[in-house]
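Next come two complexes built around chain A: one with chain B, the other with chain C.
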Partner chain A sequence: MASFRKTGSISLARELAIDDPVLRSHISLGVASCPFNSKDWDIAPNSATALKRAERDVAMGMSSPTEGIFVSGDDANIMFVHAMIVGSFDTPYEGGFFQFMVRFGPNYPFDPPRVCCMSSYRYGHVVRFNPNFYEDGTVCLSILGTWEGPSWAATNTLSSLLLSIQSMLSAEALCNEPGYERLRGCNASSVTNFDIYARHETLRVAVVETLRHAEGFRIPAQLVEVMRNLFFEYYDAYIESCDQYAMYDNKTMQVSLLSKNFVPNFKEIKKNLTALHSELQAKL
Partner chain B sequence: MSEVVMQSSLNGFVSVKGIPEEFVFKQAPSTSSSTHSPAQGHLSMSSSVLSAELHNQKLQSNNSISLQSLEPLLKCNWNSDILAENWAFLFEELQEIGWDRIEELSADLSYLTIHSTCGQHIMQGIIPSAYPEAPVRIETYLPIPFTKLAKKLKECVEAWDVQLEQLRPFFCYMQELDNTALILDPQTPQPQHIHRRLLLENQVFLEVTVSPTSSHSPPHCRFIGPSNLCAVMSSRLSQLYQGWDSSRNLLENIELLLEERVRRRGSETLNAPQLSSTVSDAVECVVCYSFHSDTGELPDLVCDHCLQAMHHSCVYMWLKGLASSRHSMQLMCGDCPYCTKPISCRVPV
Partner chain C sequence: MKVKIKKWTGVGTWSYKVDYDNCGICRQPFHGCCPYCKWPGETCPVVWGQCTHCFHIHCMAKWLKAQEPREQCPLCRQKWRYA
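Presenting the complex of A and B:
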C-alpha cells in the first residue's frame, strides 16, 4: 500500500461509525474498547511512530497474507483497517466470513488497537458467535485489554492480533467461557449444542447474509471479491455441512449464554446457499 | 521591469561546466508599493557568466572594475545588506581566488560556495552585512576542526586546499570502504564523518571510528548486539590491534583479524526503505518495525534473552507506560516488550 488517497468524501470507517446501531449504548455505558466510540482518540494527534507503524502493519498485512486473514486499509484514514477472518476448517466456524474493524490509536504501538466484530450485529442479525464476541461487537481478548491474560506488547502487530482472534474461532467454543473450561474433551451437551448453534449462525449470517448484502453493508470491495471467490471454493463443503447437521432441524435447543431458545433450520440455509450460488454465478 | 540578456564571450578565460552560454536575468516585479524598496534578483547567478562579463568590463576599462560599470551591467539593484561600495571589493576577492573555483554566489550577496580543485569538496562562506570590516565566516566539511581567520578570503581558501591535500589519504581510504561494504550509518557518508557502522555476518554490528590524521592505523571498534556475541568479538580485539597491517585495506584487516565476514553492498542505492530488504529482518526494531527511529537512532539495544533488536527510545516509551518498571539514574528497567524478561534501557536526556 504505497499511499492512501483522499477520496474527498469521509472515509468508509467514518460512515460506518455514523450509523452504528450500538454506538449510542457504548457511549452511554462508557465502553472504552469500541473503535467507533473513541472521542479520546479522535481529538488526540497521531504520533509519528503511530502513523509509521500503522502504515507498516497494514502493508505487512496486505503483502504477506496468512491463511484465512485478509486486510484492507481504509480508503482515507490510515488508522482504520477493515479486516476479514475466515473460519478455519474443523471448527464450527469453517468457511465463515467474519468482518472486523480495527482502529490504531495515537500512541500505537504502545497502546493496543480497538477492535469491533462487525459480523456480530451489523449484518441484519445479532448473533453471539463466540463467548468472546459480545453482541455489541466487543472482542474479549487479553491482548486487547478486554479479557484476563497476557496483555498487549508493543511488539504485537496487526497480523499477530488477527491471528489471535482467529484462534478464538475454535471447536468447543464454549470452553473459552470462564466456568466451562473443565468441559473440554468431555463431549458435554452444552458444548456440542453451542457448536451446533455456532455452525448454524456462521452459515446463516457469516456466509449467506454477509455475501447477499455485502454492498449494502459497505464491506470494502477487495474483501467482497475475496469472499465471492472463496464462496465458490467452499460451496460443496457448506452443502455437505448442512446435510450432515440437518438431523437437528426443528428441535428446540437450550444454548448456554443465549437468552432465547434456539431452533436450527439447516434445510433453510441450504436453500439459501443454493440460491446465493446461482445469484453469484449469474454476476460472473 | 527590464530584461537583460548577458552574453558570455569567453575567449578561453574560464571553463564552462555545462552552463548555457546565454543567461537571461529577469528582474522580479517589486512586491511593495514603495519606490524605495530594492528589486529582487534571480536566486543565484552562474558565476562563470558573471566572471566573463567582468572580464570583458576589465578589458574595456583598463583592468579596473568600477561600481558604475557594474550597475548598468545588471540594470537593477541587488537586494543586499552590504553597502554598495563594497561590492567591488567582494568581486576583487573572488577574482583573486579564481572564478573557476566559485560554484555559487547568491544574488543578495549573503553567501557563496567554493569547491575544491578536485571538485569533491565544498566550502561555504557567509558574507556579513558589515563586510569587509567583518570577515567572511567560513564553513568547511572536514573531519577535523578548521579555523582560519584571515583578512583575505584567498588565504582561507589556500589553507583549506592544504588541509584537503593532507586529508587525501583519509578520504581515499573511506571511499574504498564505502564502495565495497554495506554502510548502515551514516546513510550518506559525508567527508566530515569519521565513523562507519558495518554489519558482520554473525549479525553483530561493528562501528569503526577512523582517525583522519592516521587513517591506516587500527580504528577504534565498538560492537553492538547480543552481549554474548559482543563478548566473543571483543576478545578478538587484541589480535586486531596487534595484527593490523597498514598495507592492507580496512576491510581486509577486519575480516582477517576478527574472523568474520563483513556484509557487502548490494546493487541498490542505500536509502532506508530498501535497506530493510538487504539487511535481515531480525535487524529492524521490533517495536516500531523500522531501522531508523524518528530521531535517527539505530536499534542498538538487544535483549539478552530473546536477542531482538530495539531502539532505546522505543523501549523507554514502552517501559514508561508499565507500572512494573523501575527508574534509577540514567537507566530504566522493566519487562522486555518481546519476551517479558528483564531489560534495561537508557533514559533519554
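Presenting the complex of A and C:
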C-alpha cells in the first residue's frame, strides 16, 4: 500500500500527460503549483493527518454538497480529487462545466492543496476563462499561495476552497485583474468584451467540448452523469444565450489579456449544441 | 414496596466545554484524538487561545510550526496566544 501511495500520483500524471500536449509541456517546463508537477510531493510519505483530512474533505464534499459544486475522489489515489464547478446563472459562466484537479499534499492541511483548472487547456483548446485562471491551468487564488492576500489556513477545507474558486466565476470578471478594478459597474467595453468572450468560450468549451470528450478525458462517471442531466435541464437557456449574443457574431473584438483578436460565432455553437442534444438523447 | 439499597457504583463522564464538536485543523472530534494519537484524554488534550478558539494541542503545534515565524489562529487569523 505504501509503495502504491508513492507511485500512484506519478502514474496518474503520466497517464494524463499522454493524452494532453499542454500538460506534457507543463511537466517538462516545471510549472509551479501544478498538481501533476509535484515531485516534492511524489516522494514524501503522506502524514496521518493528511490522509484522514483528505478522506474527510472528499466525504464532506460528497455528502453535504454546495450548490453548483461536485466532487469525486480519484480511483487510483486518495490525494487527488476531481472537482466540477457549474457556472452560476446571471454570469457569463452560466451552465458551464468547469473541471478542476485538486491534489492534497503530504502535509495537508498545513500546506495548501495544488489546483489545476483542467478546462483551460483541454480538448485542443486553450482558453483564458477568467483573469485568475491562466491558460496553463494555474488558478490564481491567495489561499493557494498563487496570489496576494490572506494565505491558506489549516482550517480551510476542500469545500471552502472550491467555494472561493466558484466566487471568481462572476460577471465583470475582468475587474478582478489588477489595473481594471476601477471599471467595475462602468459598462466599460473592455469589461463587457471580456464577458462576451467568457460566455462564448464557456458555451463552446466548458459545455459542448467538455460533454463531447467527457469519457476520453477521464472525467469520473458520476460527474459525467451530473453533466448530462444538467445539460438537458439547461439546454433551453444555452440556446437562448446563443440567440441573444448572436448579434456579436463575426465582429472582430480585442479582448484584454488575450494575445489574439477574438471573433465570436454563437451561431456555430448553437448548431453544435443542437447536434449534441440529439446525440445525447439517442444515448438515453 | 420498599427497596433497600445494598450497594451502588458511581459512574462519571467528562467532556470538553467547547462550542463546536470537531477540531478545525484535523476535523476529528474533540472527544476523540488527533490523527497521530491512539487514545483521547490526557495524552491528546485540547488547547485554547485567547481568541477563544480551540484545537487539539498536537494539531495546533504543527500549525504554528508550519506558520513560523507568524503565529496566527487558523480560524480568525489573530495572533495566537495560549489562554
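Just so it is clear, the second predicted complex is superposed on the first by the 257 of 284 C-alpha atoms of A that agree within 3 Å, B and C clash if a C-alpha of one lies under 4 Å from a C-alpha of the other, contacts with A are read in each partner's own complex, and residues count from 1 in each chain.
Here, a residue touches a chain if its C-beta (ideal position, glycine included) is under 8 Å from a C-beta of that chain, and two chains touch if they have at least 3 such contacts.
Everything quoted here is computed from the prediction, not taken from an experiment.
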item	value
Superposed partners chain B and chain C on chain A - clash or fit	clash
First (chain B), second (chain C), both or neither touched by A:Pro109	both
First, second, both or neither for A:Pro65, with chain B first and chain C second	neither
Touching partner for A:Ala154 - first (chain B), second (chain C), both, neither	both
Partner chain(s) touched by A:Gly179 [first = chain B, second = chain C, both, neither]	neither
Residues of chain A that lie at the interface with chain B and also at the interface with chain C	48-49, 52-53, 56-57, 109-111, 153-155, 157
Contact footprint of chain A on chain C as seen in their complex	24-28, 34-36, 59, 62-63, 66, 72, 74-75, 77
Touching residues on chain A, where the partner in the complex is chain B	48-49, 52-53, 56-57, 60, 109-111, 153-155, 157
Residues of chain A defined as touching chain C within the complex	47-49, 51-53, 56-57, 107, 109-111, 150, 153-155, 157
Of all residues in chain B, those that touch chain A in their complex	286-290, 293-294, 308, 314, 317-318, 321, 337-338, 340
